[in-house]
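Let me begin by handing over the structure; questions about it come next.
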Amino acid sequence: MGKILVIHGPNLNMLGMREPEVYGRMTLTEINESLMDAAKKAGVELRTFQSNHEGELVDAIQEALGTYDAIIINPGAYTHTSVALRDAIAAVAIPTVEVHLSNIYKREEFRHHSYVSEVAAGQICGFGVDSYFLGLRAALKLIGDME
Amino acid sequence: MGKILVIHGPNLNMLGMREPEVYGRMTLTEINESLMDAAKKAGVELRTFQSNHEGELVDAIQEALGTYDAIIINPGAYTHTSVALRDAIAAVAIPTVEVHLSNIYKREEFRHHSYVSEVAAGQICGFGVDSYFLGLRAALKLIGDME
Amino acid sequence: MGKILVIHGPNLNMLGMREPEVYGRMTLTEINESLMDAAKKAGVELRTFQSNHEGELVDAIQEALGTYDAIIINPGAYTHTSVALRDAIAAVAIPTVEVHLSNIYKREEFRHHSYVSEVAAGQICGFGVDSYFLGLRAALKLIGDME
Amino acid sequence: MGKILVIHGPNLNMLGMREPEVYGRMTLTEINESLMDAAKKAGVELRTFQSNHEGELVDAIQEALGTYDAIIINPGAYTHTSVALRDAIAAVAIPTVEVHLSNIYKREEFRHHSYVSEVAAGQICGFGVDSYFLGLRAALKLIGDME
Amino acid sequence: MGKILVIHGPNLNMLGMREPEVYGRMTLTEINESLMDAAKKAGVELRTFQSNHEGELVDAIQEALGTYDAIIINPGAYTHTSVALRDAIAAVAIPTVEVHLSNIYKREEFRHHSYVSEVAAGQICGFGVDSYFLGLRAALKLIGDME
Amino acid sequence: MGKILVIHGPNLNMLGMREPEVYGRMTLTEINESLMDAAKKAGVELRTFQSNHEGELVDAIQEALGTYDAIIINPGAYTHTSVALRDAIAAVAIPTVEVHLSNIYKREEFRHHSYVSEVAAGQICGFGVDSYFLGLRAALKLIGDME
Amino acid sequence: MGKILVIHGPNLNMLGMREPEVYGRMTLTEINESLMDAAKKAGVELRTFQSNHEGELVDAIQEALGTYDAIIINPGAYTHTSVALRDAIAAVAIPTVEVHLSNIYKREEFRHHSYVSEVAAGQICGFGVDSYFLGLRAALKLIGDME
Amino acid sequence: MGKILVIHGPNLNMLGMREPEVYGRMTLTEINESLMDAAKKAGVELRTFQSNHEGELVDAIQEALGTYDAIIINPGAYTHTSVALRDAIAAVAIPTVEVHLSNIYKREEFRHHSYVSEVAAGQICGFGVDSYFLGLRAALKLIGDME
Amino acid sequence: MGKILVIHGPNLNMLGMREPEVYGRMTLTEINESLMDAAKKAGVELRTFQSNHEGELVDAIQEALGTYDAIIINPGAYTHTSVALRDAIAAVAIPTVEVHLSNIYKREEFRHHSYVSEVAAGQICGFGVDSYFLGLRAALKLIGDME
Amino acid sequence: MGKILVIHGPNLNMLGMREPEVYGRMTLTEINESLMDAAKKAGVELRTFQSNHEGELVDAIQEALGTYDAIIINPGAYTHTSVALRDAIAAVAIPTVEVHLSNIYKREEFRHHSYVSEVAAGQICGFGVDSYFLGLRAALKLIGDME
Amino acid sequence: MGKILVIHGPNLNMLGMREPEVYGRMTLTEINESLMDAAKKAGVELRTFQSNHEGELVDAIQEALGTYDAIIINPGAYTHTSVALRDAIAAVAIPTVEVHLSNIYKREEFRHHSYVSEVAAGQICGFGVDSYFLGLRAALKLIGDME
Amino acid sequence: MGKILVIHGPNLNMLGMREPEVYGRMTLTEINESLMDAAKKAGVELRTFQSNHEGELVDAIQEALGTYDAIIINPGAYTHTSVALRDAIAAVAIPTVEVHLSNIYKREEFRHHSYVSEVAAGQICGFGVDSYFLGLRAALKLIGDME
C-alpha cells in the first residue's frame, strides 16, 4: 500500500483564521482530515506535518526516505527563500508535488520564483484548498507510474 | 449542463511524434478523446481546439464568451510571448485553468514566465498528459464554485 | 483627397463588451462610424480594419502602400510584442499615428514599452475613445505637412 | 467658463532658437498666442507659464488648485527626473494632459520614462507644435467629461 | 491595559559583546529591563522575546494573536531574508513597528531591503538603542489610534 | 539651549488638503505649531522651513551651519532624486533625522531609495504626523549625545 | 535526391521595395528563382515559402517533416519574438540554417537575440542576398553529413 | 577678445569649509580670483557664477548664448541628476568643458554617470582645484579651434 | 592546546546516501572521525556539529565564543541564503574557514554567491571530502598566525 | 589578384586534439592547407595566422592594412573579451568575415556576445570546419563587391 | 613520479614589493622555492612559471599537455577577464587547482567572478601564501585520485 | 629632475591613419615629439611607449617603479577590459593621469567604464591630441604636489 506525506510550511497552521477572502475558511485540521479521507478511499496511507521551522521541514523530508512513496508539499514562504528544502527534496529523490493555495504568479514579484519547483515533479497553484486534492490525485498517478 | 473548452497552442498537434521521452507517446487526438470521455462521465460537455496561430487562439477564446463555463488552456510557446492571449482571457472573464505537460520551471529561463498565469485561476504543470486531467478536475470544481 | 487607414489590433473587437469601466461603453462599430463621419467632414476618406492576427495586421499595413496617406493604429497587445508590425510600418514608410485607449504608462510594467512608437510619428494614449479622434486630427495635420 | 493652465518646463523658452530641425521654428511666444486664440474660440480661458525651475513649476501647479479645470504640461527635462512635479499633479488632482514636441520614445533611453505620465490623464507626443493643440482638444474633452 | 510584545531577532542576544562601536555597550537584558520600565510608566504591559531561530520568531508572532495589541520587532538578519516573518506579521494583523539599531541604508547593499517593512506600520532605524524607545513611543501611539 | 531646524520638502505645504486618507487632516501650520510647543517643553528652540525648491532647501541646510544643533528633514519627493540635498547635509555635518509621513517601503518602487538616508543619523517613516514627533525625540537624544 | 525548404518570414515579401540601401534591390521572386537555379545545379530540389503569419510559418515547418532534408530560414522579425517557431524547428528536428540579410548584431539591441539560433545548426548573417546562397551551401553540406 | 563663463553647481560655495581633506582648503572666492587672473594673462575675459538652484544654472547657461565663447562647468550634484542642465548646454551649443574636483569614478556608484559629459566637449576630473585650471586651458584651446 | 569546531549545515547528515557520484561515498560520521584523528595528530582538539536548522547553527557559532580558536564551516544550502549565519560569524570574530564539497561555481547560478565568504578568512571548494582536510590544515595555520 | 588573410585566435592551434566531438578531428594545419587550396582555385592568395596572444592578433590585423583585401577571423575566446581586436578591425577598415566552428548561441551565456560582430561585415557560425569555407566564399563575394 | 606546474598570473612577480599588508612580505622567488621544497618532500616534480601576458599563460597551459599531471594556477587579474585561459584549461583537461592569496569575495564586485573556477577542479582563496601550499596538497590528492 | 612616462595602448600607433575626423591627423610620432618638447620646456624628462600587447603595457608600468615620478596613460581599448593594467598601476603606486582623445562618454555603452580611472589620480578625455598636453600639465602638478 502506497504512503504519501503531506507537508505544510510556515503560517499554514493559521488557515481559516487568516485573510479568509484569500485563503478560504477551512482550517488546516479540516483540510488534513479531508485529505486523509480521500487517501483512504484511494487505498493509500497519508500522513500530514506542519511546521514554521525550515529545519523541521528539512528533517521531515529526510525522514520520509525509505518510508514514503510521494510527498505533497506546500512550502509556504519557504518556497521563495529555502535552498535547504530544495536540496532535501533532491537528496531523498521521492516524487514530490508542489502545491499552493493562491496563484503565486498573481502576487508580489518575489513570490514568482520557487526553489522547490526546480526539483518537484510538477506544480499546482491557485485553486485554494482544491490545490491539495489535485495534488493528491497527481501524487497517486506518480506512484502508479513508479509501480 | 456545464460546457468546457480545451485549447491547445502551437506544436501540440505534434504530440506523440515529438520528443516522446519528454512529452510522452499519446497523440493529441488520443488525449482529446480521453478528455471527452472523462468530461462525459463528469456530466459536462467538452470541446477541443488546436492551432499554431496566435490569432486563431484569440478568436477561439473570444468566441467562447456566452457559450463555455470554463477554459482549459495549454498555450504552448505563446505562454511566454503572447499578451494578446492574456488580454483575450481577461476580456471574456471565463474561469481559466492553465496547464503544461512539462514542468516549465525546470526548463530554459525564458519558459519560467507566463503571461497567461497572471489572468488564469490557477496553473498545473509537470505531470505530462495527466496535467490535462488534473486541469479538467480543477475546471469542474471552478464551475461548481460558480453555481 | 487624402486617404487614412485605421487599424485596430487584437481584442479591440470586444470594445463595449469588455471592462466598460476601463474601456468605455462604445462598441468598435460605433467608433468606426464616428471616425468615418469625422473624416468625411474633414474631407478625407477613411477605412477601418480589425484583426486578432498579427500576420493579418502586417498584411494590411503592407497593402496600404501606395493607397493610403496616413495610418492610425491601435496595436493593442501587439504594441508590446510585435517586431513584425514595427518592421511593416518602417517598410511602408507611411506616416503613422499610434493610439491607445488607456494610459499604458499607468498599467503593468510590460505595457510601458511599445515597439511601434519607435517608428510612429507620434503617440496618443489615455483619452479613451477620444484617443482615436485626437489621432485623426494628428493624422490630418501630418498629411497636410506632406502636401 | 472653463479655465486651462498651460505649463512649459525647462529650456522651452528657447523654442525657435534651438535645433529648429527637431523642434520647429515657432517661438514659445507664438505658440502661446496661438493656444490662447484657439482657447478663446473654444470658449475657455487659457493662461501659460514657463520656468526653468522645478520648484516654480511645482508652485504653479499647486496654485492652480481651485482656479483651473485642466492642466496641459510639457515638463521638458523634468519629465524624466522630477518626482516633485508628479506629486504636485497628484496632490491637486486637476485633470492633466502631458505633451511633448518630439516622440520621446525615439530618443535617448533615459527619455523613455516619464514620472508625469503615471499621474496624467493621458500623453501626446511626437507631433511638434501640434502636440499642444491636440493637448488643448484633449483637455477640452476632459473638462466636458467633468461637467 | 495595552500589551506590547518586543521581538529580537538573531544575534541580538550578543548585544554589548559584539562590535560595541557599532551597536553600543548595553546588553540585551539591560535594554529589555529599560523597555519594561518605560512601558510600566506608560501604563502598558510589555514582554520581550529573543531567538536565533526564524521558526521560533514566526511562532512567537502567531501566538501574539489575541493577546498583544502591538509588536515591536527588530528582525536582525531575518529582515532581509525572511518571507515567513513577513507573512506571520501580515497574518496576525497586529500593528507592528520595525526597529533597527543601525541605519541599514548606510550598510551593505543587501541590508537595504526589508521584507518586514512592507507589512509593518512603520520603520525606525539608526538611533542605536534609542530606536527601541522610539519604537515603544510609536507603538503606544498606534495602540491609542486603535482605541 | 539647543536649536533644531525642521525642514519640509516639496508639496508638504499642501498637507491637510491632499489625500487626507493617506496623509491625515492636520495642516502644516498646525504641525509646525505642535512641534514648536513640544520643543519648548523639551527646552530647545525649534524653527521650521518649507519649500518646493530644491535649491532653497540646499540653501537652508547650508545656512544652518553654526546655528543649529540638529536637523529634522522630510525631504518629500527630493528624497528620491536629490544628490544636492544629500551633499548639503554631508557638508554641514549637522546630525540629521530623516522623517516620512508614509511608509515609503509600501509605496512605488522608486520611493524605496533615499539619497538622504545614507547621510542622515537615522530614518523614521510610516507613523503619519507622529513621525515628526518621534523625529523630534530622536533629535533631542542626538543633541544630548553630543554634549 | 535531397530536398530543401527555404522559409522567408514577415516583410521579406517587400524586398526590393523596402530600404534598398539596407536590403538591396533584388526582389524576393528574383532571389527565389536564383536559389532554385543554384539548387538545381547542386542536384537538389528546393521550394520556397513566405508568410507574414507566425502560425503559417509554424505550419510550414511542421509540414516539412518527412519531406525535406534541410530548412533554410530567414525568420525576419519573428527571429526575436517567436518561441513557437523555435519549438517547431526543435520538434521536426530537420537540420536548419538560419540566415539574415543584415548583420543583426549591428542593429537595435532587441535584434541581437535570436530564439531560432538556439535550435538551428548554425547562423549566417550580414552578407545581404548572399546570406541565402551561403545558407544553401551550408545546407547542402549538412545533408551530405547526414547521408 | 574671447569670453569664458565658469559655472559652479550646488554646495561648491562651501569649498574650504567642507571636508578639506577631500576638497582642499581654498575657498570658492579664492579659486574664482585665481581663475580670473589666469584668464587675464591668457587674454580672455572670464566671469564666474555659483548657485545651488538647478533652475538658476539653466538660466545662466541660456543667458550665455551670444555672449560667451566657452563654458567651464562643475555641475556638482546636478552632474548625476539633471537632464535640464544637459538640455540647456545642448541648446546653446557653446563649447563646454566639464570639470570635477574629485575623481568621480572612485566615489559612490551613482556619481559615475554624468548627464553633462554626453553634451560637453570633454571632461576633466580628479585633480582638485587644478581641474579648473586644466579646464581653462582646455577651453582656451577650444576657442582657438573655433577661430 | 588549540580547539577547532567543525560545523556542517543542512542535508550534510545525508552524505553517502545522497548522489554519491557528486558527493562521494563517505558518510558524515566517517568524515567526522577522520577529522578528529587528523586533529589529534596535529595536537588540537576538534568537535563537530551538524544541524538542518539555521537557528541551531547560529546558536552553535555563538557558543563557540571563548571556547574555540577556529571554525571550519560547510554551511550547505545556508551558504546562499543566511545573513544570520554571516552575522554570527562576524559577531564572534573567530577565524573561520568556509569549505564546500563541490565546486559551487560549476553549479546553479544561485550557488555562486556566499554570504559566509564575505566574513570568512578564506574559502576552499570542489575537492570533495578533501575540502574538509584542506580546511583543517588552513585552520591550523590560522591558529598558528594568532599565537 | 585578391589577397585574403585568415586569422585564428587562441587555442585554435589545438584543433583536432581538443574535444573532437565538439570541434571535429581536423587539425589547424589541415584546415589551413584546405583553405589555401580552395583560395588558389578561386584565384586569390590566402595566408593564415594563429596566435594565443591578443596583442599579436592586433598586430596582424594592423599589418594587413594595404596588403590584404579581406580578413576571415575566428577570434576564439577573444570574441567575447577583446575591444582591442574590435578597434583594430575598425581601424584598418578591411572587409572582415567573422567565423566560429560552434554555434556560439547554443553555449554559455558569456559566449553570446561578440565585440567583433559589431565591426565585421557578417558572421558565420555553427558549421564546424565548414564555417571557414563558407567564410572564404563570403570573403570572395565581398572582394567582388569592392571591385 | 608526478609532475606539477605552478602558474602565476600578472603582477604576481611584484609580491613582497606590493601592498605587503594585503599580500604579505614573501617574494615570488621565495614562494617558488618553498613550493619546490614541499613538492620534493612529497615526491613530485614541480615547475613554476610567471607572466604578465595572457597569451604566454595560454601557451604555458597548452605546453603542459602530456607533461604535467596537475596545474596550480593563480590567474591574478586574468581570473576575471580571460576566457582564453579558461578555454586553454578546458582544452588540455589537466586537473587544475585555482588559488588566490586574498579572499576575492571580500574585494571589489568585479573580482567575485572567476572564469577559471568554472573549469578548475576546485578553488582555494584567502589564506595568503598558504593558499599555494593548500593548493599543492589538493593537487597531490587529485593526482592520487587519477592513479 | 622629474621623470614622466607616457604609455599609449593598442591601436594608438595607427593615429593619423585611422578615422582622422575622429582622432585628428597628427601621427603618434608627432605627438610624442611634441610631448617631449613640452616636457623639456617644463624641465622634466619624458619617455614614451606604445604597445598593442596588454602584457607589455603591464611590464612597462612595473618597470617604471623607482624610475618615473608620474605616468600619463591612454589605455585605449584596454581601458574597458584590463584588470591587469589596473592592478599594475595600483601596485607601483606612481601618480597616474588617464587620458583619452575622444569623449568616451559619448561613445558606445561599453566605453563608459574604465578600470583604470578607479586607480588613476584623475581623468582627462575628449580634447583630442590636447588631452595629452593637459595630461602633461596635470602630471607636472602632481609631481609638484609630491615634492
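Note that the chains are named A, B, C, D, E, F, G, H, I, J, K and L in the order they appear, and that numbering of residues resets to 1 at the start of each chain.
Here is the rule we go by: a contact is a pair of C-beta atoms (placed from the backbone, for glycine too) under 8 Å apart; a residue touches a chain by one contact, two chains touch by 3 or more.
Keep in mind the model is a prediction, meaning the values are calculated, not measured.
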item	value
Chain K and chain H - chains in contact with each	L
Fewest touching-chain hops separating chain C from chain L	3
Angular offset of chain D relative to chain L [C-alpha, multiple of 5 degrees]	120
Matching chain pair for J-K (criterion: over half of the contact pairs shared, by residue number), options G-J, A-B or B-G	B-G
Computed distance of Cα centres, chain K from chain I, in Å	24
Centroid spacing, where centroids are CA-atom means, of chain F and chain H in whole angstrom	31
Chain centre separation (chain A, chain J; CA means) in Å	55
Multi-chain contact sites of chain H, meaning residues that touch two or more partners	53-56, 81
Chain pairs in mutual contact under the definition given at the outset	A-B, A-E, A-I, B-C, B-G, C-D, C-G, D-F, D-H, E-F, E-I, F-H, G-J, H-L, I-K, J-K, J-L, K-L
Residues of chain F defined as touching chain H within the complex	53-56, 58-59, 62, 65, 81-84, 86-88, 90-92, 115
Residues of chain F that touch chain E when the two form their complex	103, 105-106, 112-114, 117-118, 120-127, 130-131, 134, 137-138, 141-142
Interfacial residue positions of chain C with respect to chain B in the complex	9-11, 13-14, 17-19, 51-56, 76-78, 80-81, 110-111
